[in-house]
Amino acid sequence: MDLKLKIWRQSGPDAKGEFKEYPIQDISKDSSFLEMMDVLNEQLVSKGEEPVAFDHDCREGICGMCSLFINGRPHGPDDAITTCQLHMRKFHDGETVTIEPWRAKPFPIIKDLMVDRSAFDEIIQAGGFVSVSTGGVPDANAIPIKKVNADLAMDAAACIGCGACVAACKNASAMLFVSAKVSQFALLPQGRVEAKERVEKMVAKMDDIGFGNCTNTYACEAECPKEISVANIARMNREFFAAKVS
Amino acid sequence: MTKIDSKIPEGPLAEKWTNYKNHQNLVNPANKIKIDIIVVGTGLAGGAAAASLGEMGFNVKVFCIQDSPRRAHSIAAQGGINAAKNYPNDGDSVYRLFYDTVKGGDYRAREANVYRLAEVSNNIIDQCVAQGVPFAREYGGTLDNRSFGGALVSRTFYARGQTGQQLLLGAYSALSKEINKGSVELFTRREMLDLVKIDGKARGIIVRNLVTGKLERHSAHAVLVASGGYGNVFFLSTNAMTSNGGAAWRSYKRGAFFGNPSFVQIHPTCIPVHGDFQSKLTLMSESLRNDGRIWVPKKKEDAGKIQKGELRPTEIAEDDRDYYLERRYPAFGNLVPRDVASRAAKERCDAGFGVGTTGLAVYLDFKHAIGRLGKNVIEARYGNLFQMYEKIVDENPYETPMMIYPAIHYAMGGIWVDYELQTTVPGLFFGGEANFSDHGANRLGASALMQGLSDGYFVLPYTMQNYLADQITVPRYDINSKEFEQTEKDVQERIDKLISVKGDETVDSFHKRLGLIMWDNVGMARTKEGLEKAIKEISALRKEFYQRVKVPGDKSGMNVELEKALRVADFLELGELMARDALNRSESCGGHFREESKTPEGEALRDDENFTYVSAWEFKGNDVEPELHKEPLTYENIEVKQRNYKTA
Amino acid sequence: MSNLLSLSSVAKKIWMSLMGLFLFTFLLVHLSLNLTMITSPDSGLFNEAAHFMGTNPFIQVFQWVLFAGFIVHIILGLILQVQNWMARPNAYKKKASSEQSFFSKYMIHTAVVIFVFLIIHFLNFFLVAKGLIGEIGEVTIDGVTMEDMAGLVFDLFANPAYVVFYIIALLFLGFHLDHGIQSAFQSLGLNHPKYTPCIKNAGRLLAIVITLGYVLIPLVIYFTK
């Protein structure tokens, strides 16, 4: 299939960016979107042009490194997958594909389609952990945990930290990301010990970094490659409320 | 004869580690803050070690190649992590886990290390649960276990199909806690390009900042490298795109011996290759083999028709299907170890019974499991994997059997380390997949996570402390010293050399050509002729690389092509060493299969008399043959037998 | 104001939803009173109710609470919106097309329309009833003389342009409520796999019922009186 790619090029964080158009031919329907980008970059390099910078690593939908806002949607026109799992059969011959970086103040552009998501690490560092040191912990079966809670915690823990929630949200809010981590620990007895401090610190850090406010549009849930539920946001709101009134 | 000392502690096997810990040197709390440690890599081994060392009070600098420590490729492990908890009460024990691991590794692993691994396996589960890792649970609230290839007990703990992710996020959260506390300093988007030695000891590293392109110098009292495996030497593998052998290779060239470089694992259940443009292979969890049955058509003409698209697998009658694993290995059936399953698939495909358009695939069929357990149960167990398969292949595995084929997955080989995980360079430690590890010639499923976390949480924090105990009087190193100056200059020269070629062939193109040589000659079946040919071809390709490679852009700023070129340059040397090691080891063992050494039935045949050793290669200079050192392996607690998966 | 600014994002949302739900209860009370205009034939009941609301000391105090509720909801809404705009200074060039709660995208827009309506409504009724501007007739019911609020309403709803404006404004209120009601529950953490679908449906139903109720009044008055 042949495509017309409209790709955002920006040389650095403060540079002015613009769309550049690249026609590309003979792409197999069975190739993945990033393999299509590889082909483009191979062609650019052969012509002596600078390849398009974009983040990617595991290429199996788990590391959370790949991003891209494709035709108006984070991770492109398919549900519950990352860009690296997107396949070209989701596009039709002759289509114009617009590719932008994720845009949010806390995710500054590094180059082209690559953004800096260290804001997420900062939020985790603020409280996204259980304060236990190595060694000196009880036997794993010493604390029985209801299966339903363990499963819900796993649902929340499935977050890959890709930032699609922020990218999709019209407010660039990070609530789904933050609430997923808060929920995981809130649901488990190990995490309950520090539940109050955790939710307060993580929300404060999120606000401090400059993410937007949640207005319950649920675009985050619709675009999350791991289908993390907005029920986690509600749980975090409860946790926050409980922390503030206690 | 040997320059190598594995430093295995005295005493009976079960007491070695306890004895070691009882007698090791310690650093007092007030002095720990004066000691700097560099950790390269934030996967299970690196992340866990950095967090633990930070908790102990050392001053840790941790480096990762991605934008966040949470993205290390440990995250991609799906199936689970082994531990000898014996929660299901099916007769498991530390000894049995130790035994299975040594046997699975085809008796090419160091007894003492493997026993320690099995011993601390239980602590790992406790630690991870305390961190809030959401392992699967039973309705009663206790932890669930499942069985995995190569074992007769259920000892694998899991978190859906994302065990690696959850364990890594556990280590990442511990690391984040320490970063927040200030004991660990994080450097992201950095790639280690060289090791700095002062007076023979590892004292620092040179990294390239992948965003600014600047070279940076970092000094420390000790360096731990946990940079993962080098499977990407084959170009196509299940490794992540940035996974590379650079840190290990540079350490090798600075004096660390390379152990068993030819031992790589080929995972049997990957999605088959579909085209030339393909960038990587996707693994389907080995757990699928618990319920899926592997087969190819019994008749060659059926296979031919399937390859041409004239026949669908569902149209092949039950009697015309060859469930070759169940046929050849009645006791373990579809659950034989990975190397055995991979080779059996290759054997069928080479004989012309393969399926798919390329003829390089076999079926993994869930028809019987769905019939027996119902679609719901299968969906609950493997739903996400089936979904992933459908997204990639565009076929519904509930209706049509999955197609799978082996792919490069894991490097058992790596930098040679002693019992303390210290290399032959004092002060340089290697952990996780990057060291030659505890898996011998073949790794069992769910053992990689165990080894990574064992090294990171429970071994390195002790052994590194033992080394550092006499370093408290050593002042911090000046990064402007002549050693740092010179090493940075060496790196700069490598970069300049690559950029100045200005040739006409892209880096990826060279990488693919190398991958093809490796896969054809240093892959699943190896011969003397093939390996000799590979050594010649790789050497020629390397020469061509430095004449024709095209690296656009310059060295300042971000330059992805330059990054790749540096990695491929290392692979072009590492690949040759792998071939050399495979050539030297004329026996078959585990994942290393030499056509010259097999039983009449075609099974791998070891040569214990001549090859019960670890090969440790010493770098002797560019274009000079490396020197082979042999670490003899002695088995005092296990009777060495030919592996047998036909009968229990 | 500075207190509101210093609230965390989650706290702002909690206040926002509490105030929203509070204002929603006011809408219900208001609607039930308004409906008396078309249910009781001589509209005496409406005048009596209006008189009660205008003179009862508890209501007199409570109206300031209500007023404060409006102010907090509006100011918080503005702060939230401005912060949300600031969180993405460079907009996407290609229009975002993620699936989402439809009216959630337009809460600020519907709010502006409602706010304008509220001011006009205030000028038309509340301030007139208080005798601060304009003129209002008087009626005597059961010996008590009171403002003829019903007459005021009938006069205004005789004007087709006003009826159209009123209906459009109330439709926007409906849009605002459609997202607002279920959103308030979410912000308060009331999300449950079993009940949330009910809350969403009930929220939408209430938004429709309330809008229809309000819209029905001018239509009935215009076409029957």
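So that you can tell them apart, the chains are marked A, B and C in the order they are listed, and the count of residues begins at 1 in each.
We adopt the following convention: contacts are C-beta pairs under 8 Å (C-beta built on N, C-alpha and C of every residue); 3 or more make two chains touch, one makes a residue touch a chain.
What you see is a predicted model; the values in this text were computed from it and never measured.
Colleague: Please classify the inter-chain touch graph. Allowed labels: line, ring, star, complete, other.
Modeller: line
Colleague: Using the touch rule from the top, point out the two chains with the most contacting C-beta pairs.
Modeller: A-B
Colleague: So which chain ends up closest to the centre of the protein, judged by Cα positions averaged per chain?
Modeller: It is chain A that sits nearest the middle.
Colleague: Any idea how many Å lie between the Cα centroids of chain A and chain B?
Modeller: 27
Colleague: Report the inter-centroid distance (CA atoms only) between chain B and chain C in whole Å.
Modeller: The answer is 63 Å.
Colleague: I'd like the Å distance between the centres of chain A and chain C, where a centre is the mean of that chain's Cα atoms.
Modeller: One centre to the other, that is 37 Å.
Colleague: Using the touch rule from the top of the page, what residues of chain C touch 2 or more other chains?
Modeller: If we look for residues of chain C contacting two or more partner chains, we find none.
Colleague: In the complex of these two chains, what residues of chain C are touching chain A?
Modeller: 8-14, 80, 83-84, 86-101, 104-105, 107, 179, 182-183, 186-193, 196
Colleague: Under the touch definition given earlier, write down the residues of chain B that touch chain A in their complex.
Modeller: Touch list, chain B to chain A: 48, 51-52, 55, 66-73, 75-76, 85, 87, 123, 125-143, 159-160, 162, 164-166, 169, 172-174, 176-177, 179-180, 186, 188, 211, 238, 240-242, 274-275, 277-280, 282-283, 387-388, 391-392, 394, 457-458, 461, 506, 508-509, 550, 552-553, 558, 560-561.
Colleague: List the residues on chain A that touch chain C in their complex, please.
Modeller: So the residues of chain A in touch with chain C come to 8, 19, 69, 71-74, 98, 100, 103-106, 168, 170-173, 175, 203-204, 206-207, 210-219, 222-223, 230-231, 233-241, 244.
Colleague: Can you tell me which positions in chain A touch chain B when the two form their complex?
Modeller: 28, 30-32, 34-35, 38-39, 42, 45-46, 48-51, 53, 55-65, 78, 80-81, 85, 87, 89, 110-111, 114, 116-118, 120-121, 124-126, 128-135, 137-141, 143-147, 150-151, 153-154, 157-158, 160-161, 184-185, 188, 190-191
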